[in-house]
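Comments concern the structure below.
Letters A, B, C, D, E and F name the chains as they come in the text, with residue numbers starting at 1 for each one.
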């Protein structure tokens, strides 16, 4: 199993709130974790910035890029920005081509991305569909044929959306993130413009942690929930 | 994690066709595997026997008990019969009481039982509901209070029904049973009365095996599919 | 294909509103159609009667039995009453035994019964589950073993509930009932106590008729909608 | 619209965690709110008590009854105990008869009860099915015919289960409980044996509050989520 | 709550059949109701016109525009045409930009649009997705930043499609339209080319009316059914 | 009923594995069957070819075209290639225009195409959506108005995907293909590059055959499963 992981995130906040624990935990275990951040959330997730006078799109993007870079570094991950525009995402063929290259090069052990539905947000399902398409096309040997092709399509985990039931999200996997919770929580503070969400996502982690304890019978405090898109293949059930 | 497992099966054939690989595989790994066989399938799954003249219910039951005992032994498992009657199952309070005791005593690392729906068979969902209820009541400390209570409700895997899509069955977990396939296949032959199903379930194993290979990127030939009832709690996603 | 049909109806009105067209149409084609009416609807579907002074349960039942007999006769069907009590249905083992016998004796070409869900009515899903169980147990050769067993479990069609979307009802089959509409409509008038539903179910027939025309491209005016519980097996798709 | 409300709760904790805000809020508005508590949770939801030596079923029940009475009083509601036994609920015909009487007498403006599914708990869906059946049978004029019958089947709201996504629970209605939050939170403390849940359900209230604010555009802090079983009938959409 | 409403309709007939009652009722209550009609239905919903000789696309569009203007006026609403083409809708970026402006300017108290699925019609779900996207992007403060931004994303009601069950439509809200039924019915007659639908949609109104009466216990005759996309936030449950 | 049929297939293999029986059977019955093959599967379904040195896209396409032509001929069908590119499909307006013309000209008695969902393959659901859109637009009389318009939108059958449960595929119709199985199986061998799938799809046919026998009570060996998109309209239920 490849010890690399790929995170396809619509906006900077998403990889922190929804997958910050998984990123930090696997980085700590020695995984190479790469985040592809499709947009800066410059139009739709920077309400705070736009309330300041004299703000421009470029200034907002620069600010959010800076935050995202620091957040990725704090969690122990690489980050690549596609700057594809937000609300809505405007994904060009060149973005898809680049994402397929990343899948092939990284050959990730697993992929994290958004839920397939979200009636509150059009960018999130678009990002998930995009991550899915690239994962599949990377399998097509006739796409940029190469002699040393050894790509294997990885399992996909969908991360928890803001209002999970409204997105038909099912928490099929709960990841114990106790070992990296402090780091995840500190990373929240890099996202200064979304301070109103810090406590919200701390509560999400506590609820999933308690549920993780209930479902496993093993004590844990903080969790992240994921939905698997494909069957899990195992050698043992317990 | 407890290295014991519990299988709650409506009829003798079910634990062979649907979970024979899991039983044999975990037995081979050193698990104590216990099968609770709720009924002998004497009325509804012994068409062959009933075509013989002079047949009686007791004779059919004795024959099926013998087959089931040999099948369980072949797979490496213990078996306990509830003789609760089939078509429909007639589960008494004493059966429930006994099953709760088994949960408490065995404290299984996981439970295998039927799918929650099956429009072709009323005993299968009844068995699943029953296994579920016992699993839950075993958690009630006020049920037969005991000083050394240490029961932990185990994860539940639902096994594949005969016509999976009609039962809304989703193969969320595929178990690689290559190491025990020969044994599972030989066990089929103990079920002499259901010879028409041998090839059917060999094909099921091959289809799930090929799907397992596709979903994991690792070669495998034979599989068993399961649906999980509760979230999987993990320390690592890959 | 056996030219017999079985209708398992919770109350008298149900077989008229929901399946009156199918009954009349198949009777006209020469089918032997048998209705099993589980209860008289004496407590829960006789509001009109109970507003009369001096009413007793027996009087209400007698009145509803009379209506049901006349309605069945008008549609061209036999009827058998189980008098199992309504709101809720109280189905005894002897009723189940009798229903299984009916399945075996009639060996119906198809069965009509209620939808599997109905949050407005507990008797309807109970009747459907009951019809299902009897259909399955009738297959068990060890249930009343008989030398000349030749029962074949028939396809099941679920009839349209009062508020179809709330019951997760899907109209997978639309039956053209133009040839018997007048008869069905006249039969409504036998159900004097439920006059407020005559126009409602006339509109249902017109809506399903128009939808039938749209879905087939063939003109029709009146329809009845059904949901199939099992796959349709065919020799040709058109 | 009748200014009364009925809460059908499996165990004492449920009406506090899941509906304490609704109870207190409507009581404050002048509603007569009646809680029917089907069981004391004496076997399955009193783990703390059973860890004490010399404990008996009667002592546990007495303790939980006392807590439940004080909790109901604190919230401003009446409470009636059915003492039907828990894990599993053992609902007798006499209980059903009594619950139907309560529906008829109270003629509630709305009913609160459990979600229809809960794979972690068999009592909760049983309570919901029971509340549903009584609501329906109360409509049957032939059930205890009475001259002054004026019952109207009320809307049903399902309260939020412990792990909502696993129960297929959809938060279709969010009730703003800011005005009574302090009271609800204080009532938690009456449930001394379930201290581990206080913080959990405080977080639930905060999450639903924040979601309520997002969905309405009106500031609010604490919420309770409900699922409606039937369509809402309105004179105006906004 | 803003006393304005927005209707996003694929074609002219849709806002009449599906939302004519809501439009007339809220207009009568003093709401400013604005209809955005994305296409004239000139290719796909003007079969009658195309049967006339010498017909051209421009003539058909002119005829349908005239009908739509008269229908909107009759119902008491404003109408704006996007002329985006039908079968399929061809929505350009400029249309999206305009629709976002409308959301911002009108700041509607609620939005009405099509169901999310419709296997019979590709324009309807496209219109719904489009209305959704504009509603969301209007929230993005970085989209045309403005000093006096005060937009609040409104609740969305999906209107009833032609064959509701096939579109997975659930009637969660039934609006009593008795007060404006005569007006709605008269408006049908403006749609001369779709005369075959007048009676169909009159029956829809009667069925939803009767269901509204059943669900509320309050007499009503005509209704319109809607599905809510987001939770309803309330201060009282009754 | 028109004795013509249309198959809209993403890639060459699909119409053989998934619909080869239906094609051969109806061709044998005298239907004109036309296959529209949207892409050659040159990039994503020709792994074998790309492992050969010196391979080019044009060579792969030529090879797959040749296979597809021979397979169509063997099955008794016409074939038209859109050469729209695969992984992903790149369907241009001119392709849609052509497909609509085909619907109008062929006026098929039924259409076969892919399932609506497939998380393993983006081309399959795209092909199904495309076939759906063309079927609907062909109904629009204002699309290329013609004097002799007599198109009637045909029923749609979705064919079985590779991992049916993961695609939410329900086998609502099982076609008995015993009469043409040998031919279907021989056609597999034309698809030399996908030899690993021959046995897989032979097993699919055997499983569906056995299920067809169970569901009909009539002996059969080989089947193909389909899901219907629209209600079936009938004159008789049996």
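The definition used in the following text is that a contact is a pair of C-beta atoms (placed from the backbone, for glycine too) under 8 Å apart; a residue touches a chain by one contact, two chains touch by 3 or more.
In this text the structure is predicted, and so the values were computed from the model without any measurement.
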| query | Among all the other chains, which ones are in touch with both chain C and chain E? | reply | D, F
| task | If every step must land on a chain the current one touches, say how few steps get you from chain A to chain F. | result | 1
| request: Please flag the chain sitting at the greatest distance from chain C, going by CA centroids. | output: A
| message | I'd like the Å distance between the centres of chain B and chain D, where a centre is the mean of that chain's Cα atoms. | response | 37
| query | Got the chain C residues that touch at least 2 other chains? | reply | 120, 166, 171, 211, 230-231
| request: Classify the chain contact graph as line, ring, star, complete or other. | output: other
| remark: Inter-chain touches occur between A-B, A-D, A-E, A-F, B-C, B-D, B-F, C-D, C-E, C-F, D-E, E-F
| request: Could you please specify the touching residues of chain C with respect to chain E in the complex? | output: 120, 163-166, 169-171, 199-200, 203-204, 206-207, 210-211, 214
| said: Applying the document's contact rule, which stretches of chain F touch chain C when the two form their complex? | reply: 1-3, 5, 22, 25-26, 29, 31, 109-110, 112, 152-153, 155, 157, 171-176, 211-212, 215-218, 220, 223, 225-226, 228, 230-238
| List of chain A residues in touch with chain F within their complex | 132-133, 136-137, 139-143, 145, 229-231
| In the complex of these two chains, what residues of chain C are touching chain D? | 42-47, 49-51, 55, 57, 60, 86-88, 119-122, 166
